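The following pair of complexes shares a single chain, chain A, combined with chain B in the former and chain C in the latter.
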Partner chain A sequence: MSAPSGKAFVLRHETVLLFVVVAEWCCFNALGPRFGTLDNSFDILRHTVEIGLLALAMTPVILTGGIDLSVGSLLGLCAILFGKLWRDAGLPPEVAAGCTLIFGALAGGLNAALITALRLPPLIVTLGTYSLFRGLAEAITRGADTFTNFPPSFLFLGQERWLGLPTQAWLFLVVAAGIWVLVHRMTYGRTYRAIGFAPEGARFAGVPVQGRIAGVYVLAGLVAALAAIIYTARLGQAKADAGTGYELFAITAVVLGGTSIFGGIGSVHGTLLGVAAIAILNNGLVHARQPREVAGMLTGALLLLALSSSVLPKLFAAWRRPPPAPVRSTPSPPT
Partner chain B sequence: MNRYFRELSVAAALVLVLASLAVLAPGFYQAQPLLSLATREAPALVVACGMAVVIICRQIDISVGSQFAVVTVCAGLLAAERWPAPLVALAAVGLGAGLGAINGALVAGLRLPSIVVTLATMVTWREALRWQRQGAFVNLPDSLQWLGLPQAAGQWVLIALALVVLVTLALGLRQLAAGRFVYAVGSDAEAARLAGIRPARVTFSSFVLLGALTGLAAMMNVVQSPQVDPKSGTGLELKTIAAVVVGGVAISGGRGSLWGVFAGLLLLACIAPALTHLRIEPYWEKAIQGAIILLAVVADGVRSRKGRS
Partner chain C sequence: MKKWSLLLTAVALFVAGCGKSPESPASGSGAGPAGKKITVALLPKSKGNAYFISCKAGAEKAARALGIDLLFDGPTESDPAKQNEIVENWITLGVDVIAAACENREGISTALRKAQSRGIKVITYDADALPDARTFFVNQATPEGIGHGLMDEAARLLNAEGEFAIILATLTAANQQEWRKHIEARLAEKYPKMKLVAVRPCDDLKDKAQSEATALLSAHPNLKLLMNICSPAVPGAAEAVKQAGKAGQVKVIGLGLPSENRRYVKEGVTDSVILWKTEDLGYLTVEAAVALVKGTLKPGDKTFKAGALGEFEIKGDNILLGKPFVFNKDNIDQFNF
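What follows is the complex of A and B.
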């Protein structure tokens, strides 16, 4: 997608999204009496942190023009691994968490190696690891084994408050700030958008394209492992089906936040707004006594609406242009 | 030889698996279990054929599982209303084509990326179905099961139907102008446009075709059981995409054949029964499936790198 006056466009999309989030909040506040309370806000925050983390990690991936379908499965595998290390290997939770993070980065490294060293399309590589990671989690637990009875000092991470906020919210804020600085304020991360916009161009400009792309997938694996630890701490148990379908929510949040699925355009704060829009919608509908499925349906519809709204004005302009030239800027197909 | 290298290597892998099963677990080769395995996989083959067309056209559709579930439930409801079987089948194919047309219109008409569009429709259809049905099963009239035939005959009819779809589409893709258009658009949409093909129409049609085939597959699923499960079709998208990729269709479009897809699907379908016969825990199936997908793409990658240097 070419960006006509790129900055204004991005700004507009995110302003509109902010407005949508605020409108959602007000609307649900009027509908459900318990929605606006501080307790419920913290509840939303708790339930959103894992998907939010995955969406944050997905943003650089999509900015470079890639996609990672394996994060949800990796979350499940890491949760199992963490439980295994703590219960069966007898490691203290901190050490087990450290090992899990390293493993997440390594698993992301597997994606990275296949994508960059062999130049395989990310869509299909991560589809394979999506199946592989989930399958390994199921094989390790034989589909039934769950890990519970974690010590309270570990559950503090997912169920208690620290300095007024849910503990995991602090971690989320740190990661969000880190990725925001990386993508928007560091030369290293600013190349992501250059790569997504035109990989060849970035290469000619002296950017080590393959290295940067590899880094993005390793980061996604690392963050997925962190999300797995927080998930385990919040629920107090680790199961092989942890995080099923989370990759969809993460991608939805990123695209809703204005990041082009073709790469090159987008922002981390847009992703945060996208996460907020989905989280508030899900929680608010439950408080408004609507069935949970409606929230899922509306998330899908919202995604389509967000996509169409970014394309329709361009198509309309193309039709209005006097010489009826067909739209030349055919979006590059998924790779 | 070189042209069909990819298809032949999949076929070789399949033969290898079958041969090692013959040595290690001869119990695998029993007529009745094999027949029911083939019947179970027949709908997946039909969907995989359609998926191959869409992927050759350089698109992808991950909503087929949800489409499959929606059509299955609707066909079940119509059958429960005592509609005659041919009419139900027609309605199933029509509904599938309609669902495919929605994807096609969004992808070809609005030029949206297919992966995200079908991601959205996948979630939307699945949740809408859950909302409407609350997971309730649909009981079918007895007359519909196996189309009123004895079970063995019904199974052979379904297998034959799937093979007819496979052969028709395989020949059509190779011989018909419309089939060549799909390869042309998948290779380079702009070049195809300059050659007088309308890429948007080809893309739209391939989605409609996939939808119609998914509808047909759903119907083939309905006649197999006395009840309709609203959760049916979960993971179908992954299974068919895996079969297509393992079968040598390039995910970047424009290359591959349905014969490879056929071999790929057979290879993947053999995993679960093979595990049982080799006394390996069935929980390994998904991991092995993932490993096979990765192996196939890695083989592709290594080969194309060698070709370049």
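What follows is the complex of A and C.
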């Protein structure tokens, strides 16, 4: 696929998705009397920040043609580590949070090292760390220990408002803006798409491919640690099962947002729209008094619909035009 | 710049949505004894679990009897944050009272406290939250009730005479220890002719329970009864007794779900399964929730009258469901959980 048609694809896909999000909003607003209230919008934000962060960090990873299945497990491990540092090592929450962030980056570094130095496929590496991180979290707590009774100053991060928005929403906005600038406005981050399109081509163009790839996994680890801290502050509890299954929600949001799972095509704002579409759907169904199980079904249908709706017009156009192949090929004389 | 405008639109959308009529936050509704229909939100640990489906059946009966709206929702997947999300959604929806069975004691308490601060009443059932996050806990069974229930049933089956053994989950688990303590206390107090010859752990595994039971049967030829106080052990022990050809000679009783044991009970291997009536638990929970909203149930009350179910004792802030129920050959077909 050539670059211009790729760009057109992205734009068209995101436009479609934007309409879907608007339609969802209007639909649920009509069905649920309290859906459109400020309180509920904040609920949606609050419940979405952790998965949203993971999706944001997953976007560069998938753009380079990789995948990171370990972020949900790393969230759990980081939550446990944060709890341990705070309760058992007696560190103040800020220091414990700092250490957790460093640990998250290191854990991402482990993925990066295995993928770039040993040239193992990201799917396999992160499938391994997916089990490893969750297993470590369960081993540290023996599955039973939970960390709780955090000070209110820390819970403020997850449960209160600051300057009108839920506190963690500010962090989310900062990370979203940062990753958006990185991917769309910095030469450094623009190479992610080049790598995703053709790693060899990028290498010949002078891009330090392995270094850039390592960077996205470290970033994913760091953001997973941040999500862990916010998660702990929101629930007021850290337990080994934190973030179970979140990696799949994040990947769904990224792909729904128009990022190609093969890499090279995609955008951060697409991911944000993808996150919004899923979050609004999940929350809105409750307000429309529909059973929660429907959400999973509709998310899947939405994903398939959004993906095909951006491909169908092209297929349609190709069908309307006379097929070019017979015209161009030199007719061979019948024998 | 097209991308910019897209991004801006997306943000604007969120903001626009947020900006819409911040009508008085969910609290206003409060209790509605005069006029407005009360909405009770019932939160199970997990939605598909037969145990909670049975609770729901009882809750629906109570809802019909009282003429209230009942919401029943819970996690379907193993995401521990889901219960909190559901409670927070209910706060926004503006329900009158939330009745929760708590999967994550400390974690859910955060959300329940938030509900209380918005004027929503909160009670718990089946599994308690932290005491400051709810007004009452509908306690389905005290350790004493379970211990005495099991011991009395064993004594009834053996005419208070003979050897028996206990199979439990682990020797260290807190609830198992608690139940064992009450079983042994009851034994010492009321049944001098009965003798506890062995206590074996099965790690909450059915096959381990089966091999432990087989070992017990050969080690103690005079054994008259196996008492199983964790749910996988009941069918496990029954299988061992059946395979040893001792059905009827060695009785099997235990704490478990009727559905897991129906086969053995009907075959006459297992004599009785002890548990509370989950439907009654759901019924009582909804009755108590509504009474709390109407103000007819207050902290400090000693008894509570729950419609068709009659009167229940309140101990501190625990509403006691009462004695466990004995499921046996005659009644087990009426229960499907």
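The definition used in the following text is that the second predicted complex is superposed on the first by the 301 of 335 C-alpha atoms of A that agree within 3 Å, B and C clash if a C-alpha of one lies under 4 Å from a C-alpha of the other, contacts with A are read in each partner's own complex, and residues count from 1 in each chain.
Assume contacts are C-beta pairs under 8 Å (C-beta built on N, C-alpha and C of every residue); 3 or more make two chains touch, one makes a residue touch a chain.
Given the structure is predicted, the values throughout are model-derived calculations rather than measurements.
Engineer: State whether A:His184 touches chain B only (first), chain C only (second), both chains, or neither.
Structural biologist: After superposing on A, A:His184 lies in contact with chain C but is clear of chain B.
Engineer: Looking at A:Glu293, would you say it contacts chain B, chain C, both, or neither? Reply first, second, both or neither.
Structural biologist: Once the two structures are laid over each other on A, A:Glu293 reaches both partners.
Engineer: Please work out whether A:Tyr231 is in contact with chain B alone, chain C alone, both, or neither, and reply first, second, both or neither.
Structural biologist: second
Engineer: Which partner does A:Ala139 reach: the first (chain B), the second (chain C), both, or neither?
Structural biologist: first
Engineer: Would you sort A:Trp25 into first (chain B), second (chain C), both or neither based on which partner it touches?
Structural biologist: second
Engineer: Tell me which partner A:Gly211 touches in the superposition: chain B (first), chain C (second), both or neither.
Structural biologist: A:Gly211 contacts neither chain B nor chain C.
Engineer: After superposition on the shared chain, which partner residues are touched by A:Phe262: those of chain B (first), chain C (second), both, or neither?
Structural biologist: Touch status of A:Phe262: first partner only.
Engineer: Could you tell me if A:Leu114 is touching chain B, chain C, both of them or neither one (first, second, both, neither)?
Structural biologist: Touch partner of A:Leu114: chain B, not chain C.
Engineer: Would you tell me the residues on chain A in contact with chain B in one complex that are also in contact with chain C in the other?
Structural biologist: Residues 291, 293 of chain A touch both chain B and chain C.
Engineer: List the residues on chain B that touch chain A in their complex, please.
Structural biologist: By the definition above, chain B touches chain A via 58-60, 106, 110-117, 119-124, 126-128, 130-131, 189-190, 193, 199, 238, 241-242, 245, 251-253, 281, 283-291, 293-294, 297-298, 300-302, 304-305.
Engineer: Quick check: in the complex, which residue numbers of chain A touch chain C?
Structural biologist: Result: residues 11, 14-15, 18, 21-22, 25, 29, 34, 36-43, 45-47, 146, 148-149, 155, 159, 180, 184, 231, 234-237, 239, 241-242, 244-245, 267, 269, 272-273, 276, 283, 286-287, 291-293 of chain A touch chain C.
Engineer: Inside the complex, what are the residues of chain C that reach chain A?
Structural biologist: 2-3, 6-7, 9-10, 13-14, 17-23, 25-26, 47, 73, 76-81, 84-86, 88-89, 91-94, 104-107, 109-110, 114
Engineer: Per the contact definition, I'd like the list of chain A residues that touch chain B in the complex.
Structural biologist: By the definition above, chain A touches chain B via 67, 114, 118-121, 123-125, 127-136, 138-139, 141-143, 248, 251-252, 255, 261-262, 291, 293-297, 299-301, 303-304, 307-308, 311-312, 315, 326-327, 330-331, 333-335.
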